[in-house]
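Mind looking over this structure? Questions follow.
Think of it as A, B, C and D in the order they're written, each chain with its own count starting at 1.
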């Protein structure tokens, strides 16, 4: 048996690498996330941010290295098993079911009836309805439950997808550019939403919007060429000469 | 003695079966090249591919009729004109189809499958109405019909050599067209990033149309070449479609080398098995193996591993 | 609310009642035995189309190999009937009496072992469903667990259909070859060729179809149905909501195969033979068009689609044989370009609003806005 | 393109055409019967579509689909025969009217249409089907509703239905005489059997193999390719290695073209007869697709060739070409289809009734001296006694008849010792 992970680390990534036809998108990366932390990952295009999330949630398979979540090795699990372990993932472009209503979108993410038989015998009981309404309230879509997801605004779609994660009650949420394409007011509401969320969940966010990052981040990790370039508080990272070099150099 | 055969016979078998395999290989490559471009580059499932080939075959037939009646003196070289005509006809029809049908369906590959199947039925009936239900024979000039005897057993059919040469030529042409010419660059640019390609001033619609037309045009040349070895009838195209798709998919869509490699392995496997079992079983076994491998390795033989 | 009532919304109950009325009362009283038998034959394709609605319309899995399952179901039934027709007395002139005639012609002197179980009717009923479903299971596990979908799945199922056809034709000693299994006479001693039997089979076929329809509807309105739509649109999202997507696809593909197999078995019973010409590429893709014409998202549409296309085929090919292929080809293009939701879509767009307006005065309760995905 | 068959006689076409209408009438002697002479009530006790002036029959072939190519000739021949019979006074004084249905190359459609012709149209006889599969599909329908089918194609045998008259040859008739001939005349010692993969070639090759082995000769190989296959290089290589004296080919449809072209391209010159090629699947119809130059020098074994020099045939050929165009060709099956209506007419007139049971009872022993192929007679087993001929393919797509069996060959659909 492995030694129990130190309590403070919810997620620990060690020596993670992946290469696509020789190109190392992530190279010997190590990263630790604590319980109830908001961690923001930033970095220039092609730094490997999205790939890291892909690796954690099993969308891409690591070439080497380990990802441990609450002491569980994720690199060997399949996507849905990782979800069952408590990791939720939001995609860069809002990924929701456009042909279904907001209610149905949330209902499908409700963590019950996830097997074939379960889905066939699933009943929309009071528990489900209450939970859906509760989440809808959180994500500001209480009045749109019967709306087709296709006609929501871009920002609302982003919220809906966050809601779909929340209803799964994951311990770790991973959000890829959650405020991209949002108006200023939507952005503020999203920050507010995230701040509610971290009371119960840990969050990893990829974001470009520095203002937003400042609003929410506990700690910031800067990726560059698949490696951690710098890590720490926003101020520390911003004053790190290596970071300045990467962002402003060339 | 190896089995029933003597040593010399056995080497002759190997040589001749190798040649038979190469002929089959050329046929497969000709069939699959156009489809590899259309499917691999554009993601369009063209079920009417066989009918474009048959169009080329009918053009060849018309040409042979025309030359034998009006230009008998040039009959011995009519085949070259026929191939140009076959290419042109299929190319133009291809552009027309792209304009009238395919361009509305780029985001819906399964729908292109159904629509082009409908197109293939319409073309079949059109051929039947125009050329009659009977198969038509194409008379070949004498110089294409003979064979070169290497030993008393090994004889190399000239039309087989011709098809091989043609295949090599067209493959090289496609290769240079796609990877060495400006036009090829534009085409690949459109495939990789349509918006960006449009932004840098490439007429993406025209590139689509040309690409589709080119794929169909190559099918036309293939059809023209087939008149030397096979039959030309309204429904003959349908016979090829499954084989052709399997070759492209087996090779890994989008990979020209893959298509050629898969055509090579399938043709060699089939002609080898054919020698020891009956033709029917050879076909079943080859197809089963291909499907089996595809189930284990769905991306085909050659694909780049990329971030999805 | 009782589950049965819950199954259909009010208007769907009306559709169901209309369909049942047409199939059970109108057709039998309108048509003679011959035409009714034809309709029965068309209805066997409705089973396939129904399966395709679930699998393709909802799940986004286009199979170009439904003929495989239709054929296997039909062959299983045909094997039983053939054995029953091949009693030693009936086949006394053969070199080996008691085996099917085509085996005797191919110098097979004893019944192959895998034919033996088909002496039992119970086994046959079981195999009719189990054999196609087992094959569907193997295909779908291999493909879906490896995330093969879309176009690749379509092409591979098509290739399998081609292989199976060549195999059946090539192994004629065991399968009857290109002629198929013909000259089927009785089912448990009851002459299946009589008018009487034809009536009975028609009604069995209708009953099975209505049951299948209810099963399909159950799946459609269950969470499973919504998951199918979700998978079709955003497969990754479903996966990252904690579902093992492959299992759902496997299930729905196997169900579609089972429905096709029932259709195939009913086909054999009503037409009286089975041949490889219902297994191959062309029939398989035609089955897709039945579904597309009916409306790939409408379970009722599937049934009307199969009836319409087949009736059109029979009458058009009778009067204008030349036109038939043009019409069929045009149909394929039209359902893609002009009315992608088929007859059901046309109905919803043009006829339903009229009915709704007409009945709005009498209407009780809220009418939901028609939505393509859920209908 | 194709040269016209050279007629050794100086008879004009017009004279021939005049003759054709008379010939049948002459054969069945006496003046044509008039309707009144046989009352409808007597001639039709089973509710068939017979009136005082007309009788309705069915024609059931594929007009569409892959088989349409092959079946067109049969339809044309049947229509010609019906026209001629009507011109000569009809059957029992009644004009034949026909209802034509399209089997669409689809076997259930055949069954469906057969049922329609029998149940709805009450046709007195049906002329139709081409492939074995379509015949197998309609057979139960004809037996159940007691209809009469005249089936024109040479086929594998192994069938003898009271409801079918087989006007083409069954396999033994076509095969054995042909093999005997190459053995006797060409000194053949070894055979390579080749066919498309379905029941007729397989059964035929089985009979051929049995017969070859019975003669103490050698079968050096046997091979089957899927229908529609277009690559024959492997089998051609095998043939070159095994060096058989005879290639016995039963390739059908589109595959034919590919096979003969590739054979020629591989340097097997059929005119050298080393090996000699004997086929039972290529009629003048097929040669049109294959191209005469690709098959010239091969031998075909069947009962009829367009070039048969007898007067019946000359009249038939010119009438056919007048009706369907100068460039039409007539193959074995087309001629057999032409016999159908004539055989039926003869049986009806012998029975004095259209009733199926009576026609069936009257059928055995019916003879036709006007058949283009010469004299034929219906056997007890509903097949025809006929001669088998060997044709030598010419460049122009016609065959020179180089041999003809002296006697009529007895049809034997269930040959003992050949199964």
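One rule holds for everything that comes next: contacts are C-beta pairs under 8 Å (C-beta built on N, C-alpha and C of every residue); 3 or more make two chains touch, one makes a residue touch a chain.
If you want to know which protein each chain is, UniProt gives these names: B, C = Urea ABC transporter permease; D = ABC transporter substrate-binding protein.
Values in this document were obtained by computation on a predicted structure and should not be read as measured data.
Peer 1: Report which interface contains more C-beta contacts, comparing B-D against A-C.
Peer 2: Here the pair linked by more C-beta pairs in contact is B-D.
Peer 1: Look at all chain centres (mean of CA atoms) and spot the one farthest from the centre of chain A.
Peer 2: The most remote chain is D.
Peer 1: Compute the distance, rounded to whole Å, between the mean C-alpha positions of chain A and chain B (Urea ABC transporter permease).
Peer 2: Chain A and chain B (Urea ABC transporter permease) have C-alpha centres separated by 47 Å.
Peer 1: What whole-number Å value describes the gap between the mean CA coordinates of chain B (Urea ABC transporter permease) and chain C (Urea ABC transporter permease)?
Peer 2: 34
Peer 1: Please report how many Å separate the Cα centroid of chain A from that of chain C (Urea ABC transporter permease), as a whole number.
Peer 2: So the centroids are 43 Å from each other.
Peer 1: Residues touching two or more other chains, restricted to chain B (Urea ABC transporter permease): which are they?
Peer 2: 128, 278, 280, 283
Peer 1: Counting only residues that touch at least two other chains, what does the list for chain C (Urea ABC transporter permease) look like?
Peer 2: 166, 169-170, 322, 324-325
Peer 1: Which residue numbers or ranges of chain A touch two or more of the other chains?
Peer 2: 59
Peer 1: Write out the stretch or stretches of chain D touching chain C (Urea ABC transporter permease) in their complex.
Peer 2: Result: residues 63-64, 101-102, 104, 106-109, 111-112, 115-116, 119-120, 131-133, 136-137, 139-140, 144, 156, 158, 197-199, 202-203, 206, 224, 226-227, 414, 419 of chain D touch chain C (Urea ABC transporter permease).
Peer 1: Which of the residues in chain C (Urea ABC transporter permease) come into contact with chain B (Urea ABC transporter permease) in the complex?
Peer 2: My answer: residues 62, 64, 139, 142-143, 146-148, 150-152, 154-156, 158-160, 162-163, 166-167, 169-170, 281-282, 285, 288-289, 292, 322, 324-326, 328-337, 340.
Peer 1: Quick check on the complex: what are the chain B (Urea ABC transporter permease) residues that touch chain D?
Peer 2: Touch list, chain B (Urea ABC transporter permease) to chain D: 5, 9, 12-13, 16-17, 19-20, 23-24, 27, 128, 133-139, 145-147, 149, 153, 155, 157-160, 226, 228-233, 235-236, 239, 271, 274-275, 278-280, 282-283.
Peer 1: Within their complex, state which residues of chain C (Urea ABC transporter permease) touch chain D.
Peer 2: 34, 38, 41, 93, 95, 101-102, 104-107, 166, 169-170, 172, 177-180, 182-185, 193, 271-273, 275, 277, 314, 317-318, 321-322, 324-325
Peer 1: If we count contacts the way the header does, which residues on chain A are in touch with chain C (Urea ABC transporter permease) in the complex?
Peer 2: 57, 59, 78-80, 83-84, 88-89, 91, 95-100, 104, 107-109, 111, 113-116, 119-122, 148, 161, 164, 168
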